[in-house]
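The same subunit A turns up in both complexes below, where it pairs with subunit B and then with subunit C.
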Partner chain A sequence: MREETRREAVWQFLAYAFILLGAVLTLVPLYWIFVASTLDEQEFLSTTEPRLIPGDSFLQNFESLQARGNVQFVGHPGEMTQYVDFGFGYVYYDVWHLWDLGALESSIFVAVVYTLLSLVLCSMAGFAFAKYEFRFKKPMFYAILATLILPIQLLVIPLFLLMSQIGLTNSYWAIILPWAANPLGIFLMRQNMRSIPDALLESARMDGATEFQLYYKIALPTMKSSLAALAIILFLFQWNLFLFPLVILEQGKYTIPVAINQLVGAQRVYYDQIMVAATLSIIPIVVLFLVLQKQFVSGILAGSVKE
Partner chain B sequence: MSTITLDTLRKEFDSGDERIVAVDDIDLEIRDGEFLVLVGPSGCGKTTTLRCVAGLEDVTSGTIRFGDDDVTDLRARERDVAMVFQNYALYPHMNVRKNIGFGLKLSTQQSSADIDRQVEEVAEMLGIEDLLGQKPKELSGGQQQRVALGRAIIRDPEAFLMDEPLSNLDAKLRSQMRTELQTLQHDLDVTTVYVTHDQTEAMAMGDRIAVMNDGTLQQVGTAEAVYRSPVNEFVADFIGSPSINLFDATVDGNRLDGPGDFGYRLADTTPVEGYESVRVGVRPEDIELVADGIDIETKVLEPMGNENYLYADLGGHELTARVASTARPSPGDVVSFTFDEDALYLFDPETGEALKTKTEGERPGEDGHVEEVVG
Partner chain C sequence: MATQDTASQATPTARDRLRFVRQSVSHRLPNAGEGLVGYLFLLPALLVFTVFLGFPILYTLYLSFFRFEGVSNETVFWFDLGFFSYELTRIADLTFVGLNNYTALLSDSLFHQALFNTTFILLVQVPLMVALALVFAVALNASFVRFKGVFRTVLALPVSANLVAYSTVFLLMMQDAGLVNYVLTSVGLPAIPWLTSSFWSRMTIVGAVTWRWTGYNMIILLAGLQTVPQQLYEAAEIDGASRFEKFRYVTIPQLRPVLLFVVVTSTIGTFKLFSEPVIINGGGAPLDSTITIVQYIYQTAFIDFRLGYASALTYVLIAVVSLLSAVQLNVGGEGDA
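Moving on, here comes the complex of A and B:
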């Protein structure tokens, strides 16, 4: 008995040590980016030793980043010009000029729209593949999975041609739509939705639910934690897209990765600004994770059917 | 509330290359307000039959009627029946109140306040009014069961369909819920089809019992009718606990010779006329220990308190007898038994069809049900 508890303790220790190691390996580079963003470029380049104590040049670096002419990182209040005159005052209606988007806001906008759209499509497709029988179900599913092996590099040219034909060049839709039905997302949702007991859906059918209500009122709420996990995967996927946005978007519409890339000039690499931009680009991800974290509670299906 | 009529109902499944016939041309009428139990061993097609009635399975051929309406091609949600599932299938993300009210919310135009009021009425009827705010996972098995029932009751449906609703409860709760369900069904007077593999439950609960095997309906009748006058060996074997003793015997005039020491003189030879051998059935409760009769060797004695179950050897066959609690033979003891000819069952050895049953009541009529048998 004592032998057993000791062994358990050892395993637990090893497990924690492993997790800790993973956490350190993940966090150190992020911390280093943050520290680097607070250093003056001279300080940054003059030392070969990694520094662990932040400096005080963050705001200064941020200002020089914002002062760049070619790319706008964080947006600023815009100028509205369209208004209706009511006699007693003006009401501007071109609210989309309220704020001029920078790369950060562009990225957030694109990633949020993409994530929401893709969650809807992936969960619908996953639900169909998991819970319905239809002709060519298997071949269709495998075909969708097979698209996972196509690298983006291969798709850039055909996608560009397609987008220019339908008039979406330099449009955010061009980087949202091609991946909206994300094969990985469909696969994940299908796998998870298979765990929804058939009896639960049948029970709702008996209660008078339509097939869409099964999806909307039963499947989606029970899949909350999977949806939250998928949301992070999709958001990150869109957040990190680089090659295609670089090709299809023009300067004023750059997303964060493309904008950062502009800081690598032919003559000079603006390390200090890159580090500030990188630090800024991490913040939305951290916020998203913190918001969705409480959804990662397992066992939402618990108590639904008695085993 | 209505009569449910199944007319040559057939359901086949594809399984790889072969077609499996789950329900084989069943004719059955479930009367208005009746509590009918579909009973049979697992895989006999009883659940499939129920699911066809529910509209969860498409039928291969045949028709299903509720009253005069043909519902064969209607979807589950258009049939106005409620179903209680074996595993309850409660909506895990909704609390009890929403679970019970879900059906009304979807299928009627009633206001939330109206629905709430009805949910509370039903909850009170089931004694779960304190649990309305809780989620299914916070409830015990019995409470979950009540919520599942509440969900069915509130819809005030044409019929209740229940698929082994009590099989996940422990023994004590099961018998308690059994009584409650019967009372509830009696009070609500809703046509109910109840599926179980447990013949005790079937006997205890059903107004009538429909015994199924291999996708076919064997017999429909009251508990007493199927017990006393089974139409064939399968029904005789399936109904009754402990189950009936069955063995082969040769017919020699008025004499039956079976395994071991078994020999029995028939007063009435009409049932065995024309047979060289028959299947003999004797219920454990009809066996009487006597000083001079058919010898058997005691193997195990199980005391039940009010009586003892005696398991004995009859020429290589295990024979079960329910004997008085005062009878206590030890393993190895040879005892003697006999039984009344009235209590003897005889079956055709080829077809299993009953030649003689306990009391010569009426045979099932063309419409598949047995009239009350006067014992």
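Moving on, here comes the complex of A and C:
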């Protein structure tokens, strides 16, 4: 027994050591981005030894980022010119101009809409592939799987031409719709939904559940942790999308990666502003992780059916 | 469909019996989810998929048999109803060249170099990252570990870092007098030419990509671990299985589909590598030892404007990766599942 507890202690020590080492190695470059964002650019580039203590130039760097005329990083209150006159007072109604979106808000808006839309499409498709039999199922699945390998960079030209044919250039829909049926999401949902026992679905059918109820009352709740993981994947995918937004969006609608890319000039790279923008762009992701954190509960399927 | 089913239930024929046997073999109950319902669930995704991915993919294939001569303004089809008009213009001016784009690939040494670089990075990076992600996921799934949420968030953070920013940071860290060499030399190890030797510059890419994507894959594996029935571990414990045996005989087999997903998508991700070598190695330096396939395709398409040849390159890449994924799926046991 004592032997066993000692071995257990060794395992625990190893696990902690590994996780801590990983966490430290992960944080170093991130911390560096943060430190760089608080330093004056000259100060940052001139030192050869690594700086570990943050400086005090963050606000100054942020101001210089915001002061750039061509790209707005964080939005500002818009000018509302449209209103209704009720006789006793004016009521503004044009909500779209309450706040002029900057790159940060644009990115959040696009990523949220995309994630929700794609979660629905992917989970439905994944459910179909995992739990139904139909003609051409395998060929269709492998066709979707095969598109995973397509470098998006290469679809830019035909996609741009397509978007201009249907009038979606400079629209957020142009960067939401093309990958809404995300092959990766369909693959992930299909792989995970295979673990839903057929007997569970069958017993629900016997109780008179419709096929759609099977999907949203059984499949979706049991897949909570997978859906949370997929939400992160989809959000980050859209968050990091670069080349196509660059091609299709015009100034004023830029998302974060496109906006940051504007800071890498041919003559000069604005390190300080890049680092400030990068630091700020991590915050929404941290919030996302914390929100979805609760969904990672274990053993959802355990004990749902006696085998 | 439905009427056929009720009719066959009244008088079972040999064909029905055969179907029943086949269904029982595949562990499916008879009548479980058949026919149109599957299509209905699939329809929304399929619609979006066909319009926004299907068309560009097929158009790229079409392009690969042509030489691109420029953008076209020629109208192919139009109508004008006064209140609504529509004009479809031809997308591009093209000259048919047959298989010339594909035969040219065979003697393109830069393409061969790009293929070699990508394969090299793949063989080092994917096993390293998947192993790390798996160990992190299992460790973080252990009941005794505290602050799980914090660690999970920290490890998954790199993927949220902006591509341009993180590549810039790696570029600065890996300089000859950068942070990494500073740490190495201060503990008495020799400095490594991270960006100037062809071997180490590939390793820098491996390091950067592993740093960015390990936590992401860990999240996927962690979600997969949640679906492993707890009873299996309890049963294994009763049989006196050690921690390693539980990992080997319960976790790995149960996690196989998700593990396979991670391996396949990581392989594909490595083949799509583009931005990191461009920023960190300035587009393939030193001496094209880090130029990747997609980077080469990008150069061909958007700098040389050889869209036809770039499309042919794309299709060769698609063929290679499809083949590799098919092999991985078969070896991973998707075929018999």
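What we mean here is this: the second predicted complex is superposed on the first by the 290 of 307 C-alpha atoms of A that agree within 3 Å, B and C clash if a C-alpha of one lies under 4 Å from a C-alpha of the other, contacts with A are read in each partner's own complex, and residues count from 1 in each chain.
Everything below uses one rule, namely that a contact is a pair of C-beta atoms (placed from the backbone, for glycine too) under 8 Å apart; a residue touches a chain by one contact, two chains touch by 3 or more.
All of these numbers come straight from a predicted model, not from anything done at the bench.
Does subunit B (first) or subunit C (second) touch A:221, or do both, or does neither?
In the superposition, A:221 touches subunit B alone.
With both complexes overlaid on chain A, does A:134 touch subunit B (first), subunit C (second), both or neither?
The second partner, subunit C, only.
Once the shared chain is lined up, is A:144 touching subunit B (first), subunit C (second), both, or neither of them?
So A:144 only meets subunit C here.
Does the superposition put A:207 against subunit B (first), subunit C (second), both, or neither?
first
Does the superposition put A:236 against subunit B (first), subunit C (second), both, or neither?
second
With both complexes superposed on chain A, which partner does A:26 reach: first (subunit B), second (subunit C), both or neither?
second
In the superposed model, does subunit B or subunit C contact more residues of subunit A?
C
Now for A:191: first (subunit B), second (subunit C), both, or neither, which partner does it touch?
Touch status of A:191: second partner only.
Figure out whether A:88 sits in contact with subunit B (first) or subunit C (second), or with both, or with neither.
Neither partner.
Jot down the residues of subunit A that show up as touching in both complexes, subunit B in one and subunit C in the other.
Common interface on subunit A, subunit B vs subunit C: 199, 202, 205, 299-303.
Note which residues of subunit A are touching subunit B in the complex, please.
197, 199-200, 202-210, 213, 218, 221-222, 224, 299-307
Report the residues of subunit C in contact with subunit A in the complex, numbered from low to high.
By the definition above, subunit C touches subunit A via 27-29, 32-42, 44-49, 51-53, 55-57, 59-60, 88, 91, 132, 135-136, 139-142, 144-145, 149, 151-166, 168-170, 173, 177, 179, 182, 211, 214-216, 219-220, 222-227, 229-231, 243, 257-258, 260-261, 264-265, 268, 271-272, 274-275, 294, 297-298, 301, 307, 310-311, 314, 317-318, 321-322, 325, 337.
Which positions of subunit A touch subunit C when the two form their complex?
Within the complex, subunit A contacts subunit C at residues 11-12, 15-16, 18-19, 22-23, 25-30, 32-33, 36, 48-50, 120-122, 124-125, 127-129, 131-134, 137, 140, 144-155, 157-159, 161-162, 165, 177-181, 183-184, 186-188, 191-192, 194-195, 198-199, 201-202, 205, 211, 215, 225-226, 228-229, 232-233, 236, 239-240, 242, 256-257, 260-261, 263-264, 269, 271, 274-275, 277-278, 281-282, 285-286, 289-290, 293, 296-303.
Under the definition above, what is the set of subunit B residues touching subunit A in their complex?
54-56, 75-77, 81-83, 85-93, 102-103, 106-107, 135-139, 141, 144, 151, 155, 168
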